[in-house]
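Here is the structure we will look at.
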Amino acid sequence: MSRQFVALELEFPSDVGQVERVVRLATDLCRELKFPHRVSDLELPVALSEAVSNAILRGNKEDPLKTVRVRGIVSDSALIFEVYDQGEGFDLHECIADPTSPDRITLEGGRGLYLMDQFLDKIEQEITDTGHVVRLILNR
Amino acid sequence: MSRQFVALELEFPSDVGQVERVVRLATDLCRELKFPHRVSDLELPVALSEAVSNAILRGNKEDPLKTVRVRGIVSDSALIFEVYDQGEGFDLHECIADPTSPDRITLEGGRGLYLMDQFLDKIEQEITDTGHVVRLILNR
Amino acid sequence: MPFSIKKQEDITLIDVEGQLIVGNRQELKQRVLDELEGGARKFLINFTQTGYIDSSGLGVLVSLSKKIREHGGELRLSDLNDDLKTLFELTKLDTLFLISENREKAIESF
Amino acid sequence: MPFSIKKQEDITLIDVEGQLIVGNRQELKQRVLDELEGGARKFLINFTQTGYIDSSGLGVLVSLSKKIREHGGELRLSDLNDDLKTLFELTKLDTLFLISENREKAIESF
């Protein structure tokens, strides 16, 4: 068998108004590639919108001079989306706190990383010369 | 204004059965990005399917060990699709012959490059270490 | 407009037209708070047209529910598709909200 | 199956179900040649469901038209959308084929 893959790459300004369009491009591709409904309509859109929102709001702090880049790669074995921001990065696993605990369930924030963690098979992070990247991995 | 673009990259085996799927992924993206109907439904699908068919049939000679790679980039100013094959390349402008002339109009072949040339604003070619690439350019 | 608001007797019916996410949740929040300010107390948010909600959308629902309760009001949700139900279960928000199968049942139960 | 074939009196009606392209044009060619072999002479290919045709699809139409004429038969095309019309005009194949607005008009004109 020869190698086979599809990749999607996007770059856009640090504006939360961009999130829906970016997520739609990614989920349309997943539907086109016949991923299960649960992946294309729930797991990917929620996990990706959390990562992109965080990149815009936390990583780039909505700085209009900074951009977010998303790179999605679909191979026979996995679906991988990388989200690059131009911030300093953070320790994702340290920042996940269980939002279902009685003292946190009534808080407005703090569910993003938790949902990513619930929906994804693996999350990786890297600090690069130009910023921070989070890698969302769903096995096929 | 910050930089903004969308890119799509695909790699697939040298099998003409792949052409329709590849073209559909590209045209769906163009529709999603609100390109004019004429681009997403005629100019891009025809030009890209010609280039991909030629890459499979002419460039890679349907060798199952060779793959074709397509990279599409959509920016504010243009739509660019690169089609990579692992062949020796050829001189595109030398190979275009007017298929509407009385002696050619009844031939089965020879309309592919002509249609690409009619529909695209610019066509570029390069010979690389690993093969040949044709670049299809449509201004926005 | 991603939200439509209408009244049925003393109930304020809000239809979310599309996803409830970081790009539009502030608008939902503001419009519901305006109604609360104007005296409305019974709120029903309907999700028939919603595919998914992100964490910021869930957060806005949590904070609206709190605000409405502080004013002696009540917030109900209806018509969650299976994906939305999964989201509410994973976050245990199904224990915090009054959720009805559909709009009719929600209206009856106020 | 990307093609459906049926008979109306002595006319063989072929519906192309989707695009006519390098991946399926050989199937169209073979099926029409089989009918020609079997004695059919009047052919109508209908493109109601077709968005675009690539050069190899156009090439197959050209070679079928030639083969059918050699056997004393006739090939007509119908229901080309505007994009397909543009393709036939650019390649001047609109001068080579008998093209009708729709199936009914095509059938009448045999």
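In this document, chain identifiers A, B, C and D correspond to the written order of the chains, with residue numbering beginning at 1 in each.
Simple rule for what comes next: contacts are C-beta pairs under 8 Å (C-beta built on N, C-alpha and C of every residue); 3 or more make two chains touch, one makes a residue touch a chain.
Values in this document were obtained by computation on a predicted structure and should not be read as measured data.
Centroid analysis (C-alpha atoms only) places D farthest from subunit A. If you average the CA atoms of subunit B and of subunit D, the two centres end up 25 Å from each other.
Distance between chain centres (mean CA atoms), subunit A to subunit D: 48 Å.
Subunit C and subunit D have centres, each the mean of its CA atoms, that are 55 Å apart. Of all residues in subunit A, none touches 2 or more other chains. In subunit D, no residue reaches two or more other chains under the touch definition. Applying the touch criterion to all chain pairs gives A-B, A-C, B-D. Against subunit B, in their complex, subunit D makes its touches with residues 18-19, 21-23, 51-52, 54-56, 58-60, 62-63, 66, 83, 86-87, 90-93, 95-96.
Within the complex formed with subunit A, the residues of subunit B that make contact are 1-14, 24-25, 28-29, 32, 64-67. For subunit A in complex with subunit C, the touching residues are 16-20, 38, 41-42, 45-46, 49-50, 53, 57, 99-100, 105-112, 114-115, 118.
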